[in-house]
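In the two complexes that follow, chain A is the common piece, with chain B as its partner first and chain C second.
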Partner chain A sequence: MRTSRTLGLIMIAPAAIMILLFFLMPVVLTAVFSLTNMSTATGISGGAYQVTQAAVNRLTTDMPELAAAIAGPRFVIDEEGVAALEALKLKPGLAAELRAEHLGEVFASRREAERVIKALKDRPSTREVKRISDLFNRSVLNTRFETRQALLESLRKLGFNLGPEEQEAVAKATYTGWVWTADNFRTIGNSPDMAQIFLNTAFYVAVTLLFFNVGYALFLALTTHYMAAATASIFRAVWLLPRITPVVIYVLMWKWLTWDNGFLSLFMGQFGYPPRNYLLDNAQGAWFFVILINGFIGASMGMLVFSSAIKAIPETQFHASEVDGASRWQQIRYIILPQLRWPILFVTCYQTLSLLASFNEILLSTRGGPGRATEVWSLAAYHTALQNYTGNLEYGLGAAMALVLVVIGVILSLIYLRVFRYDTLISKPLIED
Partner chain B sequence: MVEKTRVSANFSSVPVILALGLLSLPLVLMYVYLFIDTVSNSETGSLIPNEFTLEHWSFLWETKPGKPNIWLVTLNTFVFTSVITTVILLVSSMAGYVLSRLNVPARGFFLAGVMVLHAFPSVTLIIAIFIVLQYIGLYNSLLGVILVKAAIDLPLGIWLMKGFYDTVPWEIEMAGVVDGASRFTVWRRLVLPQIRPAVMALGLFSFLSGWSEFILPQVLAPGAQVQVLSVYLASLIADDNNFDFATFKAVGVFYVIPVLILYVFFQKHLMNIYGGGTKG
Partner chain C sequence: MRILLDKFSKSFGSTKVIEEMDLEVGSGEMLALLGPSGCGKSTTLFAICGIHRPTSGRILFGDRDVTGLPSQERNVGVVFQSYALYPHMTVAENIGFPLTVRRMAAANIRKEAAEIAALVHIDNLLDRRPAQLSGGQQQRVALARALIRRPDVLLLDEPLANLDAKLRLEMRSEIRRLQKETGITAILVTHDQVEAMSMCDRIAIMKAGEIVQISTPSEMYNDPRTAFVAGFLGNPPISFLKGMAEGGAFVFGNSIRLMLPALAAIPDGAVLTLGVRPEHFGTSGDVQVEGKVAFAETQGRENLYDVVLPDRSVLRSIQPVRNDVAVGDPVCWSLDSKAALVFAEDGRRL
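Up next, the complex of A and B:
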């Protein structure tokens, strides 16, 4: 008993670890990332505190006065500045007097600081006053702090006595890293773009599934059923090609078929039509070919499943029906279709999921175009998070979009598990040592 | 199949053959021209080639500006694909055996999990995986994308292997155990040889799946040093300045030949696996 158990655990460990790390963890992390505003701008590890004009603008909406004060110059008579003044080798009295009389004073504007400098006993010239005051300019604008502590400490030295609420606001406005937020889901819920993408997806999945993954697959299975074995296997082999062919080449062949220097244009050119890009000229054409491209791949799985299901129907039923004078159509309608109910359900379930999730073909053929006409949900998530033209990749929003698919995926696969009764597949081990 | 033909002997099969032939025409055309165009030139506006040429194959001996060397890319693809195949075979032949025969805690749970994951659309995880690989520093490395691809294909492999182990008679193992062999020896020496065809089929499937994979290497390892053929070809096509279908097709044929060879020789094995339901 114990040896078989230990052996079992050891032998299953690699699989368990790999699935845990690169499968289950990403599922959880998709949910985690979807609650953040991670993007190229925020980075994926922690950020810093950066007082930029943009940060000040963010702060302005809530605390306009504080924002203006932070953005404005600050003049502080500190040891550092005095030392710099000594290095300038002006009259030595200037530095000595500033150190003795004014050390630690803070001025909110250049004018106030210069008034004090002008009043010094050595009477610096106007040009010198300007040079000296520059040395004491301690504005935080365009400085970067590694920690929140450093930022607040620096502000305190400048004479800002911030309450906890203000501290919070300043820290939040200047933080460059990612933060937790539920905004992604609000964006998904409210944006009209998202609604359009949702409709695109529903249209794409429903049409491809109905006409190809089930409809055409059924047609293939039925027609090959009524053929001589050799002919049937040729057709099956041809229709399995789209699935076997690597997707990049497969789509390349379609591009060659549809582009303005491709087959269709050349062919139509023989009849005097001008060349055009049948794939990308208009949205209808794009949808037509996107559905064909995916449908041709999808048809093969249904074809194989349905073919083997038809093969499993007892021959006697066909013999009996033919003796009774049934037509081919009647055989299909009353013998074959009723017995294909489960395989059809299986293929529908399975292919819904694959169609929802796969975006390889659309990405390679239309890239969601023309415009965003053929942008479907999974492709939109990819575009948002991993490849877009603005350059700011929004990982958080993309993860939230992917999470929608992940949730649908988990629910559908659980249903699939229940419907197709996995428990009948487990039998107790017979050897217990 | 032979009996099947007899069943429908009452009906002529000519109309269905014609109909299906017509529908298959675009596919056949695309494949035929895929090969023709790589070794020929035709006049502008004509579909019929008028000269034989090998110029489209020049990518084999001269590296295109801004692109990695084709042989480096091919080597990468081979490493990528064969490591994935090995890992999947090794890991899933062990795990499948455990799920089929050994009494481990949470066996039912693991089995259900494998089945759910096998149906689960793993592409949706790519964003999270991308960020994870960046965190652990495996972004833009072959190792990272290999691990991810192998893990994603594992549930299917385990599921298939479990199914094949289920068909091996218990008596073989009983005999081994009675003769004093350990369970591991029984698996290694008695059971594994029984499912050699399954190992073959799964290996073939994993190889094809790895060879064809596009989106994972594209996102997780796009760098020139670790590029695989699918990413290389996609980047050629995406480059609007040098648009040349014949060259793309030549690279495409170069890339697809191993797949077609395997397909022609092992079609039967593959039909079994694809019929069982894979993604796409």
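Up next, the complex of A and C:
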């Protein structure tokens, strides 16, 4: 017993490792990323401390005075600057006088510092004044520090005496790397854009699922069941074509159909309608074609599953029900549909998840347009994290959106199992003689 | 109700299964369609219930021509070999299904289902599902479902084939009891001659799409029209000896010579077959036959012996239990020539 159990574990180990690496890890990593603010700007490794205008702006909301002070230029007459001045080999008096008279002075602006330099006894030319003042420029704006220590040290030298709270605020505002945060979920929860995308997704999934992936598939399976075998298989094969056509080509054909110089426009032109892009002209049209494109692909799977499930019903049950007086409609209602409960549950569940997660047909056809009319959740996540118009790819936010999708999928699956009473489907029979 | 098949033919594609069959089943009668597999008996049944459409000919229920009607519009009850119960419905729902599709009120359906279930003794199982029933119980549900709408004819397609031996015996008398109690016309399709003989008023024996003989079980047993009928009925089966006609007698080898009145007009040298039932070969009879016991089987009340004759033909004998004969013993037993059946070369009874 023990050995066989160990052996079993060893045998399953490669598969278990695969599952961990390729199935579980992506979900775990998504969850991890979703709790960060990672983006193109932050990078995915650690960052530095950079006093940019953006950082100053961030600081302004909490500490406006400090922010203004940090943003302003600072000119400090220090030993370092004086030594640099000596190295320029200008008139030696300049350096000597600055060291003797002005060492340690701090000026809030370039003008103030240059006024002092101009007033030196050796009278530097205007060009020289500029060069000299540059040597004493100690402004931190647009300076990059590798560590927080270096940033604070530099600020202290410039005469900022920051309390711990201020230090924290400055460090936080100037940090360029990613940090842990739950802001992504707040964004998702509060943004009206997200709410719209959520509604789009619900509409898209519900309509495609109801009318095509389950409804139309069921219709096809039932009608082909009552057809002659040869006709039925031709019919099924035709409905499989969208599934086996490469999706790029399939969508391209839809585009040809709907473009402003495509078949639809040409056809409508016969009746005097001006050509237009039926796919992207308005939101209703876009939804209509997006749902058709996905529905025709999705219906084939349900059709196959339902057809084979109907075939699995013994033929004598159909004979018996005919003899019992059942019409075709009653046969469907009382004999076929009740026995398709499990396949319908399976197809509904599976297709909900795949509709929630797949966006390739929409990406290829409307790209979520016109505007963001057909932007669905997974496409929005893709746009946010991987393909952004502004160029700043927000991995963290995208991961959070993907995580929401996973959670919704799990919740929906549980609801389906409940609605279709999965427990009664697997209950054991009580055979007694 | 009287059921009439008038020149009924059925082909599937170019294969002719039944050709111009005439069959009449009297009102309240139970008739067996008996024959080997592939003889067309199930095809006939399916044509009567409307699952198959006849290629030509007419089918009448009473005076009503139902030939062109779909199953739904014929009033028939069918018990299928596999019972064809609906697995997702309870017993009550299964039994009540023919009424459900007629949109009868649920309470009435339940009441009628309970009544008919009581008739077949399953009224305590109404809320079970088929998977929770034994084979015999499923069979009773199928019967109840077939009977609930009071059909013009009850069709039974090998109803006992899926039951074990003991249940088969029980259901045999049970089906017959129901048929008599309800007074319904019934047609039983079977390949088992014991079922046909024990349950039915008349037997129609079929071979290759034709009815060879139709008569009561005892008449068919004692007076078969062909060698096929004689061979099909009887358990243990009849044994056949190949011989020749000679001066109004059946001659087999140089040992057996039977004077048979039926052979008076048969020319000498005609090839004949003699059928001897096991009960007509043994301790009493007028012709002595020598042979060797090749096989002996004890059946409790009786013993069954296979006796090999010098030319390797076999005669079967069934006798009350005796312990004095063992396999390998030479015996000289007697054959009852009056009960022997003689057939022409084409199988026709003479």
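One rule holds for everything that comes next: the second predicted complex is superposed on the first by the 338 of 433 C-alpha atoms of A that agree within 3 Å, B and C clash if a C-alpha of one lies under 4 Å from a C-alpha of the other, contacts with A are read in each partner's own complex, and residues count from 1 in each chain.
By definition in this document, contacts are C-beta pairs under 8 Å (C-beta built on N, C-alpha and C of every residue); 3 or more make two chains touch, one makes a residue touch a chain.
Note that the coordinates shown come from a computational prediction; the quantities given were computed from them, not determined experimentally.
In the superposition on chain A, contact of A:261 is made with chain B only, not with chain C. Using the contact criterion defined above for the overlaid structures, shared-chain residue A:21 touches chain B, although it does not reach chain C. Look at A:354: by the touch rule set out above, it reaches chain B but stays clear of chain C. Number of chain A residues touched is higher for B, counting chain B against chain C.
Of the two partner chains placed around the shared chain by superposition, chain B is the only one that A:364 touches, whereas chain C remains out of contact.
When the shared chain is aligned, chain B and chain C each come close enough to touch A:319. Once the two complexes are overlaid on the shared chain, A:42 sits clear of chain B and of chain C alike. In the superposition on chain A, contact of A:297 is made with chain B only, not with chain C. Legend: residue contacts after superposition of the two complexes on their common chain; A:339 is shown touching chain C, with no touch to chain B.
Comparing the two interfaces of chain A, the one with chain B and the one with chain C have residues 319, 322, 429-433 in common. Listed in rising order, the residues of chain A touching chain C in the complex are 314, 316-317, 319-327, 330, 334-335, 338-339, 341, 429-433. Chain B meets chain A in the complex at residues 1-5, 7-8, 10-11, 13, 16-17, 19-20, 24, 26-31, 33-34, 37, 45-47, 90-92, 94-95, 97-99, 101-105, 107-108, 110-117, 119-132, 134-135, 147-148, 150-152, 154-155, 158, 166, 170, 173-174, 177, 182-184, 187, 208, 211-212, 214-215, 219, 230, 233-234, 237, 245, 248-249, 252, 255-256, 259-260, 263, 267, 270-271, 274-275, 277-280. Within the complex, the chain C residues that touch chain A are 46, 49-51, 70-72, 74, 76-78, 80-82, 84, 86-89, 97-98, 100-102, 128-129, 131-134, 145, 149. Those residues of chain A whose C-beta lies close enough to touch chain B in the complex are 1, 3-5, 7-9, 11-12, 14-16, 18-19, 21-23, 25-27, 29-30, 33, 38, 44-45, 220, 223-229, 231-232, 235-249, 252-257, 261-263, 266-267, 269, 296-298, 300-301, 304-305, 307-308, 311, 315, 318-319, 322, 328, 346, 349-350, 353-354, 356-360, 363-364, 378, 381-382, 385-386, 395, 398-399, 402, 405-406, 409-410, 412-414, 416-417, 422-423, 425-433.
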